[in-house]
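One structure below.
Order of writing sets the chain letters: A, B and C. Residues in each chain are counted from 1.
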């Protein structure tokens, strides 16, 4: 479902004398449907970078990224947009929302984007929010004023609203208490059970042990810098 | 015999005006620019109508001139005398006897025939002028048939007054193509524009001539749910009892007494001659 | 799938000076393209050249018309282009006053495009105008008020309603939130996002505000000195800028 072949990534800072910062090279991995892979490695080793390359948020310098048969590096913009709508979901570490939009609509939006009727979309959003212990009285408010933990849960609810066949989860259990953490892990298990291919970053070792079938250490892809 | 050329204008000018008239007849409702001449009356006093009449008259014609329907007002009298002096044509007050009728702001009540020409005096020929002051824009709108703005004006009328408030110079669509200003005739007269006579329009100050050939379709603009209504007076004429003519209101004294009489003086006279009598006809006679 | 709009090698010169040059891209139904750049970058020239307000010196702007399929709008006859501008295309000006008739009521402003394409039923026109006022969050009771009695934000929303009433497929927007208060901007952007999604609109939005493109645009073109220096998905161009100028632009944005 998700496949990387020899992907490399570096940043060229033109406004700082053209400094080149290599972040990753020779990255290859494969995730099959129903599999969950954990990315490990020290902070700054490139875990989030790898995810962003898969999502098309960062451009790979070389190599191939395939998601559901689509070559993310070469596809036309509308194909990547369609991929992100239907196939590839991404739960980032931070909730980025348009101001003024109520929480319920924030969570329902991915479903509206794939053509689900507004009522059905909101029902599903309500179920997810309730499961993640966001009280109903908050559903009509914009999440911009919520606490970090609440925002994270809204973020997760939005990420799991549509049943993506491929998912990228960046620290999904960060800042969650035990009960909510368990709910999130359950959502991940449900996704796996329906055949989703998942790549996750978990600092929480216990969570990682629970849901990941195997781990990939991204420091293996760190470029060897000449001394 | 006077020293003037027939009907005052030189022959070259008449040719130029006739070309404009022919063009206008070929494209009904389209405003044809023409080189309006200095006439012995100021702008705003009918110079356009006079030039069109001058170019149209032949020595055998019989001319009638009316102003707001009346043959005996100052302007009608002076224009009639102008053509008596410069063209020597026969003149009449009877509508059926005239071959050329020059009119200011009314259409005669009597139905006109194929042998007659009606010449209108026009102040502002452009129907869109008060919505769009730029001549460059209005020319484009006519050329591209972009008349949405005209209906916006009617929409605004209905939203503000509950009905289309335009009561004279009511815009019409001619032969399904050009929107035209029929000159400041009351909207009561609009339906008459579907007639057997030739209709010519002259605007001297604005330098435009336009025309409507006989039996041309002339439709007053409206909305489906607010259709055009040629407003009808509530009363019959007080002199001749006509129920179908446009009436003038005449104040009789300072005690509030008034009478309503046909604006078309010839029509009223001919009805009275035929024996019709209105409420006040004994006193007026 | 046929692109809704194909721009090929578009160029507009002002004498010897380049307004914009060598611009090419395809836009598909439902896509929103942002064009960013600083003053003088050529973005407004590009927008106006595409929309037919300026005549380009080179290039084609091919629009997939309903009746005749893909047609180059640059060489289209003027009546056809003006008709397009009233039906399938819309243009939202930066200043609402340029896009509205200030002496005509709100209802008349919205109804004008309907009347221009032949709607002759007053009740129907008024009902649709009232409906659109609701959709752009202007109280229906204001339908007979003149835009001169509206606030800047309301005027801008009225302009949007006036443009969208005929269900255009392509909307050009020139700094749609320029000059508006921040809270009013947020409301307008929200409205635009929803309308774009509900109506399946394609849009080309020129702005100097990166926050606006992040919110509204799927794709982004960065312009400098009349040329497109970078193009791609909005989030990719803003998060992983490749060109020096884009990097400069992105790093210059104040983080609030």
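Simple rule for what comes next: a residue touches a chain if its C-beta (ideal position, glycine included) is under 8 Å from a C-beta of that chain, and two chains touch if they have at least 3 such contacts.
Since we're looking at a predicted model, the values are computed, not measured.
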{"item": "Overall pattern in which the protein chains touch one another (line/ring/star/complete/other)", "value": "line"}
{"item": "Chain nearest the overall C-alpha centroid of the shown protein atoms", "value": "C"}
{"item": "Furthest chain, CA centroid comparison against chain A", "value": "B"}
{"item": "Separation of chain B from chain C, taking each centre as the mean of its C-alpha atoms, in whole Å", "value": "47"}
{"item": "Separation of mean Cα positions, chain B and chain A [Å, integer]", "value": "78"}
{"item": "Chain centre separation in whole Å, for chain C relative to chain A (CA means)", "value": "32"}
{"item": "Interfacial residue positions of chain C with respect to chain A in the complex", "value": "28, 31, 186-187, 189-190, 193, 197, 215, 218-219, 232-233, 235-236, 239-240, 242-244, 247-248, 251"}
{"item": "Touching residues (chain side chain B, partner chain C) in the complex", "value": "143-144, 146-149, 151-152, 155-156, 158-160, 222-226"}
{"item": "Contacting residues of chain C [partner chain B, same complex]", "value": "78-79, 82, 86, 101, 104-105, 107-108, 111-113, 115-117, 120-126, 143-144"}
{"item": "Contact set on chain A toward chain C in their complex", "value": "11-15, 52, 56-59, 77-78, 80-81, 98-101, 112-113"}
